[in-house]
Amino acid sequence: SEQPQAAGPVVLAASSLQESLQDVAEAWAKEGHAQPVLSFAASSALARQVLGGAPADVFVSADEHWMDPVDQAGLLRPGTRADLLANAMVLVAPKNETEPLPLTGNDLTQALGQGPLAMADPDAVPAGKYGKAALRQLGLWNAVENRIVRTENVRAALALVEAGEAPLGLIYATDAQASDKVRIVASFPTGSHPPIRYPVAVLATSDSPEAEAFARFLASGKGQAIFIRHGFGAVQNEPTP
Amino acid sequence: MSFELSIRHRVGERSLTLDTRSDARITGIVGPSGAGKTSVLNCVAGLARPAEGRIVVDGVTLFDRANRIDLPPEHRRAGYVFQDNRLFPHLRVGANLSYGERLTDPAERWIGHDEVLDFLGIGHLVQRWPATLSGGEARRVAIGRALLAAPRFLLLDEPLTSLDAARREEILRVIERIRDELAIPMILVSHSRDEIDRLTGTLITIG
Amino acid sequence: MSLGLSESEWAVVVLSLKVSLVAILATLPVAYGLAWVLARRSFPGKLLLDGLVHLPLVLPPVVTGWLLLLVFGRAGPVGGWLQETFGFSLVFRWTGAALAAAIMALPLMVRAMRLSIESVDRRLVAAARTLGAGPFRAFRTITLPLSLPGIWAGAVLGFARSLGEFGATITFVSNIPGQTRTLPLAIYTGLQVPGAEAEVTRLAIISVVLSLAALVASEALIRRAGRGAHVL
Amino acid sequence: MSLGLSESEWAVVVLSLKVSLVAILATLPVAYGLAWVLARRSFPGKLLLDGLVHLPLVLPPVVTGWLLLLVFGRAGPVGGWLQETFGFSLVFRWTGAALAAAIMALPLMVRAMRLSIESVDRRLVAAARTLGAGPFRAFRTITLPLSLPGIWAGAVLGFARSLGEFGATITFVSNIPGQTRTLPLAIYTGLQVPGAEAEVTRLAIISVVLSLAALVASEALIRRAGRGAHVL
Amino acid sequence: MSFELSIRHRVGERSLTLDTRSDARITGIVGPSGAGKTSVLNCVAGLARPAEGRIVVDGVTLFDRANRIDLPPEHRRAGYVFQDNRLFPHLRVGANLSYGERLTDPAERWIGHDEVLDFLGIGHLVQRWPATLSGGEARRVAIGRALLAAPRFLLLDEPLTSLDAARREEILRVIERIRDELAIPMILVSHSRDEIDRLTGTLITIG
């Protein structure tokens, strides 16, 4: 068929939301709604698609920075933008690593040994930017700056740790929880980096009657519970319908 | 007038000048190797464009520099037997033979398909690929292909090389018949005194 | 016959085939035309055309996808015009995925075809002309069939490239199940989930099998096209 | 002569050229060998080899990068051996980026070369043999030079593909400035940052210019290789 | 014994049986087009492998099925003038001529480079590409290339086609000299009574 299947809203969502959002969508469908169409890609790609006039209904970005240009272009339905989820940064090591790691310069470099620190690109990818900010805050940045291998996204950084290429990886808590090949050896204090927020908004061009309802469902207690099960943190402010 | 050839043509570093008219049905071209015989045929067939001059065959002007006439090869209707055969390698012998035949009005054909297969002795080859033919077999197929296109005139570039005496005799007889009964004009390039003497008295010597 | 594939995986496979086949079939004549022009003609701007054809090869696919979005998106010049005139949009549609696949496959197809066209002996074309074939018929009956090996090689290269196309597709038409989630996008989606290696492997194997099938077919066609070739 | 490029952008350009050139030069003989075997020999498993060569084309680049990581990573069979024997690792090094680029370019190079080898008339090789050339010399003096158009076409396709290689590279060797941040990776990095379009455009233009230069060179070489070709 | 040819060979659907010994320096092969003359030369040159038999040239066994002898072409040292020339298109005429020459021990050469250029009249062609040669020019280059490889014996497949009488006479004289002075064995395929009569009395007729 020429139309996306079903009549549910088309939801553009950051790749890191894949499992959790799918679960939420299923819960939504169980309540008798049409199954939403979920498209996962990098936030940057999705934002560009919206800017390019893509006919979608809801946009969930992993990063405020990519919601902003869409907002400024007037492509969001007024009043629907809200912070949906929170996340945290953690350090992970391969599973066999049991010692928790204090976040100090010496311990970190010692734990790295000859190996690199895997993280998403600190100059480009949101997770990398948060990680860089946290390392800076803790005074660790200079010690590791030259040891970093920059990946395309958090999953790739995780894969490097899983494959034993990197003794440590700096990734989202949600990804760390999803993998059973790594364990968390340190968590960054919430204040060490700007809050990690996943904003959601309904798009101005949306003609799906259920778009706003679905966005509300994401922020509802039911929706949030599913996200929290996947390791996300809740944000305090409710989306204003 | 069968042929009126008055051309100036350059190939590589060689310059070729020709100015002849011939009433004979068959005009022979002789000359040493590399003199430009094939080049003349190419000009007549429309595959090469002379720098100057005029080419008229059987009353039809094929090329006239001064009057900006330059018929494309497909409208000149030459039956050109190339010195190097140039069979189409991706078509079986049968398809090679009928390539030109299928492009001509049946009313204009002057020789039958079976007759050609017969006097050239290539009936058993129609299912073969050109790459599997012997030298003489390829030569005969090339002759057949040219004849079957119902050409208005023939350009024969050493047509009988690689052929044994008996086969040669048979083909010569057919050429004589075409000359005498159909009055199709021909240009024949040959190094064989025999062939030339037997078919024509009109000779162009170049080089 | 599920081959251990779930229904949604089957949908991905069918969509991938549809996208790749449509992309290749639609591109074949365009690619051949370009190859012919590049092989046989010289004109000002030829190098530019050549460069343009190679562009999708040298640019990161993401950039190509972005450019496609700029041009064919609803806000873009061509996309806007399509939308206004025909009410038709490529964004988020399998047709857009096919366009992305076609663009990415184009340089490979053109090169292979061009190589084959260049090796066609022009004296054979001249022979066909003397036999009464006009330029177009001579092209159709001589140049075209003699360059078949390049056409098949180009088609199989292009098909394989289309099947594997990821970056331009996800950037241009996103990752919509049933519309634009082709095999590589499904694989990418799978790679985002830790522990989904089994599904990823299954999908990767399907990709490989499909392209092997295309290879087998193309080998047979190439052999067929080369039947008359030099014997001894 | 900065051409408006910052120092780090220059480093990216130089690295890209190094990676692509090394990848192509190292792959040329391998690709030609494969092309020759596929064109001239038949053996059991030929189709498998053919399929293997095409693999990097049909798999999403990310998967290829992932497979490279599994094989050439420290924990992988080849990577572990390299590390132990030579204390040498490809991961996170420009050599690894070159390996990724080479693998991705291989199918394109093999196809173009194979097409050219197949169009070499074997009767000429036979003639060389009667003149006293052994099989290898006949290959070197006849088959090889007659297939030069395919070699140049393959080289330029491969070079362009290497210059544009992104997915396998970033997955296999990450995105390390000075080591593995080639042009496409730098472009990608730029694309992730809102508003960095100007830088992205500049880098994309450099990519295009580099591949155009390769094109010009290859066109000249192809023309040179075809000097003796059919005239009329 | 110049040649001992006793072979059974299949080409396509044709089966060819030959059993001859010849002491003459030049052995002629005649037969109708498609009889298998070229195929015999291919067997002697090592480009085709007979199903059965033995090929001995000038005392050297080139092929002996029973004793599993099958010298590769490059060790047979045949000077083969192919019916279709087979000039190397990517090498200029000069490089074509010296292709085999450079592969042979200078001590074994029996004809000078300049002498070949001279009697074949191809000195002015050395800088040319083969594709630009006329039919007769290519023929002469092919002859020159074969002679310059210092072959132990010659296989001449209708060597004088496309050549004018004067040139032909000159080449015939050189062949006679090679026959008489150098005693190089030759097999000559020809459809010309003249040539055969003049060069040899020993004929193999096939087909």
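Quick notes on this structure:
As written, the chain order gives the labels A, B, C, D and E, with residue 1 at the start of each chain.
In the analysis below, contacts are C-beta pairs under 8 Å (C-beta built on N, C-alpha and C of every residue); 3 or more make two chains touch, one makes a residue touch a chain.
None of these values were measured; they are calculated from a predicted model.
Comparing the chain pairs D-E and A-C, the larger number of C-beta pairs in contact belongs to A-C. Taking the CA centroid of chain D as reference, the farthest chain centroid is that of B. Distance between Cα centroids is largest for the pairing of chain C with E.
Centroids built from CA atoms put chain D at 50 Å from chain B. Note: centroid distance chain B to chain E, computed from Cα atoms, is 30 Å. Taking each chain's centre as the average of its CA atoms, chain A and chain D sit 36 Å apart. Centre-to-centre, using mean CA coordinates, chain A is 79 Å away from chain B.
In chain C, the residues that reach two or more other chains under the touch definition are 62, 66, 123, 126, 191, 230, 232. Of all residues in chain B, those that touch two or more other chains are 47, 84, 132.
Within the complex formed with chain D, the residues of chain E that make contact are 45-47, 72-74, 76-80, 82, 84, 86, 88-92, 99-100, 103-104, 129-132, 145-146, 149. Those residues of chain C that touch chain B in the shared complex are 123-124, 126-135, 137-138, 141-142, 145-146, 148, 225, 227-231.
Of all the residues in chain C, the ones that touch chain D in their complex are 47, 50-51, 54-55, 57-63, 66, 107-108, 111-112, 114-116, 118-119, 121-123, 126, 149-150, 153, 156-157, 160-161, 163-164, 166-167, 183-184, 187-188, 191, 200, 204, 207-208, 210-212, 215-216, 219, 222, 226, 230, 232.
Across the complex, chain C is touched by residues 2, 4-5, 10, 12, 15-16, 18-19, 37-41, 45-46, 48-49, 51-56, 155, 158, 162, 175, 178-181 of chain A. Of all residues in chain A, those touching chain D in their complex are 42, 44, 47, 65-66, 68-69, 116, 118, 121, 123-125, 148-152, 156, 159-160, 163-165.
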